[in-house]
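Okay, so chain A shows up in both of these, paired with chain B first and chain C after.
Right, the complex of A and B next:
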């Protein structure tokens, strides 16, 4: 399997996705890798048939070519199994994707490569398709500032932010509002940080004074 | 012997990744953490090198999985470290566009020497490009389309004197209100010294 970095090698989001753990079974005795299973920390080797949860970045690296890797058998995580598939088919908008996995689609794309039945790929595609309209409706509701209760995954959240911003801009343009030049967000954040730093320093010096 | 269990399981690695994100969001140099990652890379490389030599002697295939793991760990660490540095540069680029070509002291303090050099080079490139047009174009101005030539602004801090292009000198005192050409005060608004008043 080809290792892919999406959208690029330096992407922080992709680093987060590949940090997700995926259940595996050791196919043979793996010497000195016993520490990979935190529940049986006393054994030095990983025994054949032992179940471990391994980070995706490791599995992707081991799986270097098209042939199945000889060390581990990779299982599909529960959230991509048929029970959730059923729920998705019934009403995809009812699930809290963010709670299942913060990177539901991205992680699914990686998991799909290990799925021989082609179920996972189809499932994430269908889920995305049926949630799109719901997401579009959310974006049209420009007054809503709260977004925690929308049950979105990371990509959907990004789409939601772009979508609602565009809608707000259109609304403002239609209202012929004057354009307001604002302090750059960077400056505001920078200031807050500086203030927090100063307060922390003050607290330290105050406690020092009280001690002396 | 280097403790791999620490780096594999959540305790160390996950933690360091979350920290990386935090670091990128705030430009604060945490060279200590970076050094720890580099150290981990070095140790893993050395041990893999030893293991490879050992394999040449003994032809013992049972050390393969461990070599594979260390190799993956190494590449992962390299990626995390590079992503961290690269994203800092992106942030720095944003600083150039939002805050202008001079770095404030506390930002400068958080940067490493090569980063400051990079910033200066980037600044120079951008300036050269903008000057390559007749009369020069300031691309960092007018990020939003201007609606009027003059705007009303309120001063949020004592900034001292400001000389306009017309030659007029205004004193920017805290809480004073001025009516100024928008092109000349946009930069100051974005730096948080002036506030654009809309009725």
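Right, the complex of A and C next:
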């Protein structure tokens, strides 16, 4: 993680998040969309009141009005309902976010748009707030043995990795006497030699073409 | 930024040496060093001083703050002040570490000085940690009027908080925006609903 995560059109995480299925009910009869419900694949139309699970990206596209959707009624997934909200309020650090949803915060961010009570937005914000200190302490006390049971969301995991790396580096620097400076990761990823590589490849393909 | 890079930056600090050889000036891109006259004190970058010290070509003149009494005062000041105090050197950890490794025989009371530097660093780290905690959970009740000070932190110390702190703050801020956006939506709808109901009555 070289920079802070911010969702954009090309970010793979954002694509993964929008693949999540979200429970919906058809508000009206939708012609020729029966295939959306795999349990009743024989009917051609989607009847009003039928429950289907649809991917988030589809719902985001078909909805025109943020608060009211004329084709589907979107239900809030169980993990953002009040039972989990209670747990989060009681002790946010105890909850296994990774198990609930790998992209708990990001998914919640999208779900919050369909939540008319404003509960989901509040829940993910407060959960995040109270978990960050715990995460920081986790980074500070890095022990290679206690790695596996961290119960982190995807973004938290990324944060944990950068945070613990910083601490490890500092610790190593304080311990060692002299260290030679290394090429920074960013410079390695620059691939300055790409042009030379491409030219070499072009030359190879050109020679192959001339042979054939 | 890695600690090694910070060390690289810190090594550029000017330090006094007394060379024991004669040599003409060295012309470098950044500046010209020298000429060297045996026995005549002069200023060179720390990296060069250490390099020549290793070859026993000079004696290092210690920075004035590598001193037991001064550091003891500094430690007391650091303890008393709730904020960070100004350090005598911008890269005190780097400079002291290099000097402890390469010029140990030139430093009087080296063990005490070492302990003092370590103490000061630890006090500052503890302060930094509690400040970060304040930033991360301090205003959970949506009041953004907490005030923290990161003044006078040295580069190495800032880098113990980076990049975790800014990244975590970005995430919190992003979710806060979502929260505020939807809670304001909520207020709008309830307001318009109440407006509507009052107009029908």
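Following the convention adopted for this analysis, the second predicted complex is superposed on the first by the 161 of 212 C-alpha atoms of A that agree within 3 Å, B and C clash if a C-alpha of one lies under 4 Å from a C-alpha of the other, contacts with A are read in each partner's own complex, and residues count from 1 in each chain.
Simple rule for what comes next: contacts are C-beta pairs under 8 Å (C-beta built on N, C-alpha and C of every residue); 3 or more make two chains touch, one makes a residue touch a chain.
Quick caveat: nothing in here was measured; it's all calculated off a predicted structure.
K.L.:
In the superposed arrangement, which partner chain does A:210 touch: chain B (first), chain C (second), both, or neither?
P.N.:
Once the two structures are laid over each other on A, A:210 reaches no partner at all.
K.L.:
Touch test for A:118: chain B only (first), chain C only (second), both, or neither?
P.N.:
second
K.L.:
In the superposed arrangement, which partner chain does A:71 touch: chain B (first), chain C (second), both, or neither?
P.N.:
After superposition on chain A, A:71 lies in contact with chain B alone.
K.L.:
Look at A:167 in the shared chain and tell me whether it touches chain B only, chain C only, both, or neither; answer first, second, both or neither.
P.N.:
second
K.L.:
By the touch definition above, which chain A residues appear in both interfaces, chain B in one complex and chain C in the other?
P.N.:
178-182, 184.
K.L.:
What part of chain A is in contact with chain B in the complex they form?
P.N.:
Chain A reaches chain B through residues 9-12, 15-16, 19, 29-33, 35-36, 38, 41, 46, 55, 57-58, 61-62, 71, 178-184, 186-188, 190-191, 193-194.
K.L.:
Within their complex, state which residues of chain B touch chain A.
P.N.:
4-5, 8-9, 13-14, 17, 20-21, 24, 26, 62-63, 65-66, 68-69, 71-73, 75-76, 79-80, 82-83, 86-87, 94-95, 98-99, 106-107, 144-148, 151, 182, 186, 189-192, 195-196, 198
K.L.:
Taking the complex as given, what residues does chain A use to touch chain C?
P.N.:
1, 4-6, 66-67, 105, 109, 112-113, 115-118, 120-122, 124-126, 128-130, 132-133, 135-136, 139-140, 155, 158-159, 162-163, 166-167, 169-170, 172-174, 177-182, 184
K.L.:
For chain C, which residues count as touching chain A in their complex?
P.N.:
Those in contact with chain A are residues 2-5, 7-8, 97, 101, 129, 132-133, 136-137, 140, 156, 159-160, 162-164, 166-168, 170-172, 174-176, 178-183, 185-186, 189.
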